[in-house]
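The first chain written gets the first letter, and so on, giving A, B, C and D; residue counts start at 1 in each chain.
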Amino acid sequence: MGRASAHPGAALGCLTVADTVDGAALTAWVQEFARLVHEQRDALTELDAAIGDADHGTNLDRGLAAAVSALDTEAPADPAAVLKAVATTLIRTVGGASGPLYGTFFLRASSALGEGDGAALAVAMRAGLEGVAARGKAEPGDKTMLDALGPACDALDEALTANRPLDEALRAAAEGAARGRDATVPMVARKGRASYLGERSAGHQDPGATSATMLMEAAATALAGRG
Amino acid sequence: MGRASAHPGAALGCLTVADTVDGAALTAWVQEFARLVHEQRDALTELDAAIGDADHGTNLDRGLAAAVSALDTEAPADPAAVLKAVATTLIRTVGGASGPLYGTFFLRASSALGEGDGAALAVAMRAGLEGVAARGKAEPGDKTMLDALGPACDALDEALTANRPLDEALRAAAEGAARGRDATVPMVARKGRASYLGERSAGHQDPGATSATMLMEAAATALAGRG
Amino acid sequence: MKKLINDPANVVAEALRGIAAAHPELRVDHAQRVVFRDDAPVRGKVGLVSGGGSGHEPMHAGFVGPGMLDAACAGEVFTSPVPDQVVAATRGVDGGAGVLHVVKNYTGDVMNFEMAAELMAAESGTEVVAVVTDDDVAVQDSLYTAGRRGVGVTILVEKIAGAAAEQGLPLTGVAEVARRVNGNGRSMGVALTSCTVPAAGRPTFDLPEDQMEIGIGIHGEPGRRRVPLAPAREIAEMLVEPVLADLDFTGGDGVIAFVNGMGGTPLLELYLMYAEVAAILEKAGIGIARNLVGSYMTSLEMAGCSVTLLKADDELLRLWDAPVRTPALRWGA
Amino acid sequence: MKKLINDPANVVAEALRGIAAAHPELRVDHAQRVVFRDDAPVRGKVGLVSGGGSGHEPMHAGFVGPGMLDAACAGEVFTSPVPDQVVAATRGVDGGAGVLHVVKNYTGDVMNFEMAAELMAAESGTEVVAVVTDDDVAVQDSLYTAGRRGVGVTILVEKIAGAAAEQGLPLTGVAEVARRVNGNGRSMGVALTSCTVPAAGRPTFDLPEDQMEIGIGIHGEPGRRRVPLAPAREIAEMLVEPVLADLDFTGGDGVIAFVNGMGGTPLLELYLMYAEVAAILEKAGIGIARNLVGSYMTSLEMAGCSVTLLKADDELLRLWDAPVRTPALRWGA
């Protein structure tokens, strides 16, 4: 939970990332997220078929395509405006559980986004995570996207606190997300549609945790690539 | 079309059948018909599935079981009464095309049945055939039960005219029916449900011609066995 | 075979128990398997009797009630009722003004209704007129064949003739209206899957995942031809085009357009199909005066649909709009 | 995948075109995918808005009209509508007496309706109250879970609260009635087959020929357990027993018994199931005051059914009987 302000900036000795997390970088992040989800759309939908209603990939893909095209059209320069545009578009086009949840993630991230450096990004992501938790009333271990977002934010914070460069920190975040995603497999769902299955939900990977891992993967690829 | 009266009775030199075609014999015929249809029920239904509505075996089996049990209960001694009871039961319980058709067959046969000898049986069968033709307005070659009943009656008449014993005549009738049944395979149906298929009805054996062949087989087995 | 049934042999009898339990406004003769409106016979009114094989629900029992049928005979699945049933129904609805039989043109239905009429004629003074529906353009008509099947138009006949009877028309008038509806109506259907007759236990036909049957009836019989699965837009063309080719639908007071589901097709898809049909008709300059979209004449769980068009006139529209109060069609009452 | 569709991505938009074409008494906002009764907003009347994923037709658009909903929002297939849709619907039905949201308890539905209500609260004076339905006894309820799903009772809520609104009850009264219906209603469902989400292109789950899923919802999600296929009589027991175990249904003015088809189950089977349900209730000493049998809340082409029981009182029965005039439910009008 360490606020990002605990580490005042990127360390000397590595590239400063202060000017990398700008609007263009965030746009690249969302584009990469959209690309990954599009590529894995059917796989996401299939995960959702096993313990849900077979629409997670379709819904997110539709929403992220809309977000990318909104960013194309509006092309906001301000980083917070990028995240806000994404939030609004997702809320408008996704529906279901993941629409409000990812929408809230980006909305809160947008509001919390300060200076465009790695620390600000971590603050924003943590705010997004907390928004998701508040909106969905889920807790860690409920077998939801939170179970990927939580470890990702923790790893990010930890790496930045340890003054590791943003590249590495985002890679750690993505790895944290992936670990969290994998950890959802044995869980019995308590929130979302999978909770209706009771014990039968165990043994399946949560689709939302899977897409959330893509979100973090995308950050590692798109943002750190600029670091 | 030779009326059975064209040959005045069973020939000398073989067992006389004058007293064989009595109520009990006709009951045995219907029982044997019922047995064959029951045994082949699914096969009949499958033939009907290919060019009809998959109920011929079920319907006939239901009706004949009812006829057999009606004969058990009423046990009419009079041969015409046996055929009439069968007719009424089939009309009451079969439905579809084959209910009225087989019902009419037995009804007309009952009315036409004279003295209980082979000739009388041939007259009755011919009358039944004509009843089916009148009720169904079908002609030879339309791919219906008529295509089995017609050759069967012709063969029966011919054999009896040639003074062959009833055993042999009924065997010839059954063989005639079987030839007629087989000849329905290449036909394009013009009557009944199979006609809706147009050219697609060709290449399939007509279910009604198949059950009509069982009717004739049953006669050969049940009646001639007594000859 | 996956069905909500007990013994395949008892499906019809047990469903009739459910109909009786669900609809106190109907009276069910379980021995004869006839469903009556509970005030039948209605004195002085022409009685309307229909019936046919079961497996087409809501047709026909779902159309029994004021403004439509007085009685419906339920045969075994896909098997026309027997004459006794028709006789019982006819007797039960004879209010002194005669009885109209609405019969779909299938050999079995026609013969069983005919035999019933013969029995009635022999034993009673009830005047019976039969109207045989034969609207399916998938079937080539000819003097030498069984003729066209009665499909979707049957329901329009039952509604419109039912209204005519309710309004007091005499038997000849009701029969004339019924024949007019049949004469001005045409249908065509498509199946995406087969159905399974309970007693048969498996699908009547096999249809590969990428094929459909065009020109099907309502008994699971295969259609005229098997073609590759196509988008709804093209399917709508395949259904509407032969209907329009068979009868000139222009120049009346618009058509009643009826998109019917075969039992296993979701309403979502039926509405989508209706949009396609409406677009085709608009392009053809044919106005839609009324419509009906839903699964009204089904073929068990078959996926697919049929399109029926009825060239209407003022009188037919007025009768269509008249109150009806049945389990499956209800308005104005 | 065998469906009467064009592009899987356009199913909802195209079906809405069909709904608009088929029902001139409804007004469809195609941009927002909201179906309104055409005289909305009705001045002085509480507005009723519902909505949810598509693929459940006739729910919800088929329940729009006098005596029931004022508007329905159509989400993507099995995907709750987005807040904008709910906002548009709410605005469009606000006749000055406030608006009731009828929301089925699914995470997505609840959150999207919530966000819409937050937006409305921020920008306008429209009073919005949400009633969340959660009647599915297949789901174990707990403080720590998403809770029970809203299923069959939703339609009873829409009908009964719709009548209350039509009769002029204020928002608090309409909401109270809606909550009472939800509180007194319980449901349980079974699937014999899966459904196929158009965009997914293949069945959501595989179910062997001799198995069924007990305790399913309406989105093709698997159920609580997979058991061998059983006769209708036993299936009825499996559905009714947990419903009766969850609430005491004796002692009221009888129940409203609702046997709902999941989309691919023929009406013949639903009536048969209704007979079984009625027999069980009779044995349990529970009177059936009203009933509804049909495919009203579907799950695309899924085969199966659900049973909903509502413990009714005089007022609820009176509201149930009140006139309703919608595409899918209509009486007294």
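We adopt the following convention: a residue touches a chain if its C-beta (ideal position, glycine included) is under 8 Å from a C-beta of that chain, and two chains touch if they have at least 3 such contacts.
Remember, predicted model here, so these are calculated numbers, not experimental data.
Separation of subunit B from subunit D in touch steps, taking the shortest path, is 2. Removing subunit C from consideration leaves the other chains in the touching groups A, D | B.
In this assembly, the C-alpha centroid of subunit A lies 77 Å from the C-alpha centroid of subunit B.
Centroids built from CA atoms put subunit D at 33 Å from subunit A. With each centre defined as the average position of its C-alpha atoms, the distance from subunit C to subunit D rounds to 29 Å. Centroids built from CA atoms put subunit C at 56 Å from subunit A.
Shared contact sites, meaning residues of subunit D that touch two or more other chains, fall at 77.
Chain contacts in this assembly form an open path, with each chain touching only its neighbours along a single line.
Every pair of chains that touch is listed here: A-D, B-C, C-D. Across the complex, subunit D is touched by residues 42, 45-46, 49-55, 58-59, 62, 91-101, 103, 135-136, 190-193, 195-198, 200 of subunit A.
Across the complex, subunit C meets subunit D through its residues 1-7, 11-12, 14-19, 21-22, 54-55, 57-58, 62, 77, 192-193, 209, 212, 229, 231-233, 235, 263-276, 278, 288, 291, 293, 295, 298, 300-301, 303-305, 330-331, 333. Across the complex, subunit A is touched by residues 9, 53, 75-84, 106-108, 111-112, 114-115, 136, 138-140, 144-146, 149, 197, 199-200, 204-205, 217, 219-222, 224-225 of subunit D.
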